[in-house]
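Each chain gets a letter, A, B, C, D and E, in the order it is written, and its residues are counted from 1.
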Amino acid sequence: MARRRKQLYKQKLGASPGTLTYIGQEIEHATRIKRIEYNEANYQIDESGKLTHCQIPAPGTSLISWISVDGIHEPPVIETLGQHFRLHRLMLEDIMNTLQKPKLEQYDDNTLYLTLKMLRYNTTTQEVDTEHISFVLGRHYLLSFQEEREGDIFKPVLNRIVASAGKTRQNGPDYLLYALIDLIVDNYFLVLDQIGSNVDIIEDRIVQNTAGQPTLATLYGLKRELGVIRRSVWPLRDMLGLLVREESPLIDAHTNPYLRDLYDHVTQVLETIDSYRELMASLLDVYLSTVSNRMNSVMKTLTIFSAIFMPLTFIAGIYGMNFKIMPELEDPLGYYKVWLFMGLLAVVMIIYFRRRGWM
Amino acid sequence: MARRRKQLYKQKLGASPGTLTYIGQEIEHATRIKRIEYNEANYQIDESGKLTHCQIPAPGTSLISWISVDGIHEPPVIETLGQHFRLHRLMLEDIMNTLQKPKLEQYDDNTLYLTLKMLRYNTTTQEVDTEHISFVLGRHYLLSFQEEREGDIFKPVLNRIVASAGKTRQNGPDYLLYALIDLIVDNYFLVLDQIGSNVDIIEDRIVQNTAGQPTLATLYGLKRELGVIRRSVWPLRDMLGLLVREESPLIDAHTNPYLRDLYDHVTQVLETIDSYRELMASLLDVYLSTVSNRMNSVMKTLTIFSAIFMPLTFIAGIYGMNFKIMPELEDPLGYYKVWLFMGLLAVVMIIYFRRRGWM
Amino acid sequence: MARRRKQLYKQKLGASPGTLTYIGQEIEHATRIKRIEYNEANYQIDESGKLTHCQIPAPGTSLISWISVDGIHEPPVIETLGQHFRLHRLMLEDIMNTLQKPKLEQYDDNTLYLTLKMLRYNTTTQEVDTEHISFVLGRHYLLSFQEEREGDIFKPVLNRIVASAGKTRQNGPDYLLYALIDLIVDNYFLVLDQIGSNVDIIEDRIVQNTAGQPTLATLYGLKRELGVIRRSVWPLRDMLGLLVREESPLIDAHTNPYLRDLYDHVTQVLETIDSYRELMASLLDVYLSTVSNRMNSVMKTLTIFSAIFMPLTFIAGIYGMNFKIMPELEDPLGYYKVWLFMGLLAVVMIIYFRRRGWM
Amino acid sequence: MARRRKQLYKQKLGASPGTLTYIGQEIEHATRIKRIEYNEANYQIDESGKLTHCQIPAPGTSLISWISVDGIHEPPVIETLGQHFRLHRLMLEDIMNTLQKPKLEQYDDNTLYLTLKMLRYNTTTQEVDTEHISFVLGRHYLLSFQEEREGDIFKPVLNRIVASAGKTRQNGPDYLLYALIDLIVDNYFLVLDQIGSNVDIIEDRIVQNTAGQPTLATLYGLKRELGVIRRSVWPLRDMLGLLVREESPLIDAHTNPYLRDLYDHVTQVLETIDSYRELMASLLDVYLSTVSNRMNSVMKTLTIFSAIFMPLTFIAGIYGMNFKIMPELEDPLGYYKVWLFMGLLAVVMIIYFRRRGWM
Amino acid sequence: MARRRKQLYKQKLGASPGTLTYIGQEIEHATRIKRIEYNEANYQIDESGKLTHCQIPAPGTSLISWISVDGIHEPPVIETLGQHFRLHRLMLEDIMNTLQKPKLEQYDDNTLYLTLKMLRYNTTTQEVDTEHISFVLGRHYLLSFQEEREGDIFKPVLNRIVASAGKTRQNGPDYLLYALIDLIVDNYFLVLDQIGSNVDIIEDRIVQNTAGQPTLATLYGLKRELGVIRRSVWPLRDMLGLLVREESPLIDAHTNPYLRDLYDHVTQVLETIDSYRELMASLLDVYLSTVSNRMNSVMKTLTIFSAIFMPLTFIAGIYGMNFKIMPELEDPLGYYKVWLFMGLLAVVMIIYFRRRGWM
């Protein structure tokens, strides 16, 4: 994918700004489009995917229109929707740009653009998978864009609309926007929970002194993935803070406490990330100290062995010499005396090392 | 608990925002509710626990009403109280959410929501135990919520009301709120004192060079618990700063200096935490240097032994060879000459190592 | 070049402020000047390079004038242009000063000065090459200055003007300025992509434990180049933020979303830089731990060999002694018994080291 | 003292806020109180210590009243003074609380409360001793509170009043307050100078490679004491900044430049602290590198000895074997040939290690 | 000097604020004073040094008066100038206090006080020498104060006045102030260039793996000197920012772009400092890794030698034993078989270590 991205970069270098290009994963399916219209009393779902049905609702209608676009890889689809809803070319570019960081952009009084990341933790590769999500909020409509992946992540909210559960049906598109972001943020907690379990495992290994190279590789991997999450979530807090503070005509006053609650949860996500980062930094320090400690103990063992056996072996070497005249060798008790001396020497060494605290 | 939390997360994913769920420790006891009514002249305590008695006081009453709820694990109880006092659903959600970080929320001019953490240091597990506390302050009433644990942490304030000691009886529910938070903050100092004693022990061990792997594990544990405390106390300072600066109709001007005093104490708690963190970082550095130093000394010992005995053993080996013709072996003084040479060699080595400062 | 720069510094010490001196790479070519005039209907390109043609456009003209100066090493050229366009002496000094950091300066209501860096990654030296670029934006004209290098970096925009592609022809000099900066920023992504590939290679080597001194040198080199990029890009974000927020009469309202998009991309560049820096810091930590781990394993091997063979060699030494009376030597099974004893000793040692987890 | 503090904490847990308790060092002397009254023409000193004499000066008086309280361990004394000068209970609590961090508090338009720390460096314990100082500034009076220690730290200012030296006698209580704080801040420089000398000693030892474990312990101790000073001085800067900026009716405009000068000096104290901290961090890094370097040199020595003598000893061992048939042993020149071979081997080894730069 | 400073500190402790004391290097020469008067048409230089000539210029004069004071060690000189120009006592104190950090102080509408540091890099001691410079800017005059050193650092500006080169003669004392500060800032670049050359040398040594203890000492020294420079330059940026933003009646609008240019250069100085600091931190990391790497390679060599020769020496020892019955010794091919076995063992070892990547 990296290579493909590079080619696209180079291609874009000469192109005019606002040229629509898709640089995410290669996709085979066509874009799937659902159009849901609802108010407190009724709802209807149009899964035909006909773009001509997707238009700005007529003024005065009591129906809320939600266009859910599943797939951002087809420039003509995005282009047509852009024309129907009178969206700025740069907004369309951002909708398709999977590398775009989360941001909030008010193009005019009637449209608010908001993009963020859906996160999933892939337990086999131990990597965090990010999906590029965009919302366009208008007076009576909401457009949602997601990358084409298996399953529709907004299903639970759609189900609540159908079941008329919760408050979505009684409220405007701003509450719908809240409900969808809330769903995404709730998924962040799941991802963090899985990261947290891995941190716990590493902690146990390091504190119990059984960690080795693989633990380090895992630690590094978690750090990197936490970096990915952090960069994905960090801008979201400011975006929500802006939504809460600035009174937009597109956001009803009743939705405000809900957005504040969301802000709160995102803050909690960020704090959890930071606490994991801190924990991992401490764990690395403990690990490094542990390795040094272990090396120390290895070296002590080696030194004790050397200091005891080197002198003894030397003495044995002395009496293995073949000099003609070596009086000790003639002594009938010589052999036993040497053993005695060696024993004493060994004891002295052991006492010495005990005194230094090495044994 | 972690597993239970995960299940609840997943369950909540599809649920509508504002659904009440309890994710803290599992509890068997029922919620205990006390209703205390007092003014300067009288007081009465209702321990019946009947929820129908818990209502917004009639306007014009001179009595302050304090509803002390001990247990946040029963959604119906919280729900009923929420209806009687007209509380926002999201506030109820936060009261029950033990993972909610401390915060201050003004829902309307008549109700102020404030949540924080009660801390206790468990000396056996050496972990900090956090308890989720919430307050709802109204014109003439205060609701307090705590997790169901052994004993009621607000007992001392209740006793002062009964004994008519201090200023609680002469003041409104805002002063009561202050008195309760003050109690919690005073407990922070106790917890820090216990952490501090542990830091002192580690400091002694590391500076006196007797620290090993267990000291490191303790150091890491303290760091982690300090992280828990810091995340619990940090938001409290901003909350109190807000209460002090913004003039709320719910807070009497006379209570202001008391809140400022509280702000002061929380600042002191945070500074103490930071000074411990700094000390521990320095201690780890000293420890690492110490380990390196010790290793150096071990290696020097080994090298000195090797450098002295390797040449000597080599010489002994030489004269242990069985060559037919080895003139030295025939020399009647050969054996003594070898000893002399070896002695000289050893002395030279020792002088050399002394010069390099290794002995 | 460093030496030349030093001489120039010293020379400038006594000079009056505003003295024009060129301190970049030595250049042999003469300055190349293109003058492009265009509006929606027509365009014309004057490559004669005559400075007398380069003047402030007469008021009331519908033509946009773009003077593209390729080379900043000839003080007289810069001086003459400065007189024709009434530019401040300090602005001319900055145009020629290749060490000038990116900045935005509004000298009066009619001229805006903006300088930034073009970056290229030289894959052979693995260094980032920076080129000093300046723009002067007036009511109906834009001056662009670049260092004399191979090729004209603004070619793609010129091509779009000729082909009447994109929106450049329909808009004023502010959009042209945007288009040129966008081109430069797009190149930053290319440079980062190349740095990123190198980071990936290092990551693989370190995590797979095959890194050595050359990897470290590369890591250090990348860190240094990232520093160069960061210092070149960092001020650009604030500059664009200023352009977006402050309403200048020189910037049309329609250009604003484009500048915001640019701001966005620069932010993304900076975040990518920071994520690489973070990754490299983590990698260094992992590398250090890995080296320690490897040393540990080396030391264990050494210690095991020593602890097994030192005692055995000592025993062999004992029975190599030449004492007259050594009863064991007379034992017909002595030799076999010694082998047996040695075998047992080795087994005990091996069990001991296995228990300690060293084998 | 730590234990005593803990008991007091527990005791205070149930107590009403504003209860006066002393938690500093145990004191035996009674509180000493001096009352100084002065204007430009006259002065009088009352050392009787009678509390009834200590009252708010009658309005219209031209005399400045300075009550200097030496000792804050007797609650009744503080209580009485509090009543005479109508001070808030929480202010009295802070005056007695030796753990209170420096702060500035304006209780009403007529009284300003200011507390800070007097520092002394105890050269024998190498610890910084902090003394809790409080000031209450009124329209015509100043109260100063210090802990009961040997000697009165405010003596020099008292002497200047008596000698009518300097400007104290011509100015109001705000200038007196300035003069007293200036005295305390001047002492900070003395303390830092002593710390600085110790840093210099450590620097010399580490850079000259003669540092060991005791140097590290000193380094750690200095770091800790710098932490104590920093936490004591840090809030003072903000306090003075506030005094300078906010126009209080209690501070005369002529005193302003003096307070700014004080602000300046406190800033300088803080910068000096930070430069010492930085230096010490660098020194620790250099020390760690030095230790690693030394270890490297030790290991090289060991390896060279081993690599030279191990092969030689092995060869000697070979010709010490007792095989019946070993042709070399019969060679009349065998012994000399072996010596030659060994010599060559040693030379090869030495050349090898020189090439690798180990010798 | 440190000792002298300490004595002066102690002496000042009891002294009244505003007492003039000089604490810099001891100086023998008398203060040199130049008085330069100039306007666009004329100029005159009075080197008589008579203090009575140094007065506030009469209002209405068209001449600019520059009093250049070379030496700040004589309190009476400073005192007299202070009286003639009606300067605040604290300003005089700051002029003489060589430890005073750079700052800007507006005492009244007619006088601006500005102090900063002249820096020189002493290539022999490799230390940065700082000189305390002060300026007092009035309506028609500028006072400049420098420490008494060899040569007058303001010579180039004086020469330009004499030669009527540049814009100094056409402008007021504010432009003169700018020109003098510009001279000082230009010197910063020279100092940084010399530091930079040293960093380059260290970089080469460390990256090429030839660095040892002396390199570390140099690294530490550079770090310390960079700290000195940084603390000297840092406040200057804020000072200039203030001068640029706040419209002072003493600063002409035409001087503003020049001050902005100065601000720009100071920013560049600070960024260069930070980039050097970053580089040096990275270099230290690389150095530490390199040392570890080298140690690893040393240890591997040792281990390989030990692992090969220990078993071989053991075997030789076995056949050096003197047991009566050792069948192998009787085998006529025994000696050759042992050599074969030893050779095989060595080969096995070498293969083993190659597989582990140690050889």
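Points worth noting:
Going forward, a residue touches a chain if its C-beta (ideal position, glycine included) is under 8 Å from a C-beta of that chain, and two chains touch if they have at least 3 such contacts.
As the structure is a prediction and not an experimental result, all values here were calculated from the model.
Counting only chains that touch, the fewest steps needed to get from chain A to chain E is 2.
Chain B and chain C have centres, each the mean of its CA atoms, that are 42 Å apart.
Averaging C-alpha coordinates per chain places the centre of chain A 26 Å away from that of chain C.
Between the CA-based centres of chain D and chain E the separation comes to 26 Å, rounded to the whole angstrom. Shown for chain B are the residues that touch two or more other chains, namely 288, 292, 295, 299, 302, 306, 310, 313, 317, 320-322, 326. Starting from chain C and moving next to chain E, the ring of contacting chains follows the order C, E, D, B, A. The residues of chain D lying in touch with chain E in their complex are 156, 159-160, 165-168, 178-179, 182-183, 186-187, 189-190, 193, 196-197, 207, 209, 257-258, 260-261, 264, 267-268, 271, 275, 278-279, 282-283, 285-286, 288-290, 292-293, 295-296, 299-300, 302-303, 306-307, 310-311, 313-314, 317-318, 320-326, 358. Across the complex, chain C is touched by residues 2, 5-6, 9-10, 12-14, 16-18, 88, 90, 93-94, 99-101, 103, 105, 107, 212-213, 216-217, 219-220, 223-224, 227, 231, 284, 287-288, 291-292, 294-295, 298-299, 301-302, 305-306, 309-310, 312-313, 316-317, 319-322, 326, 328-332, 334-335, 338 of chain A.
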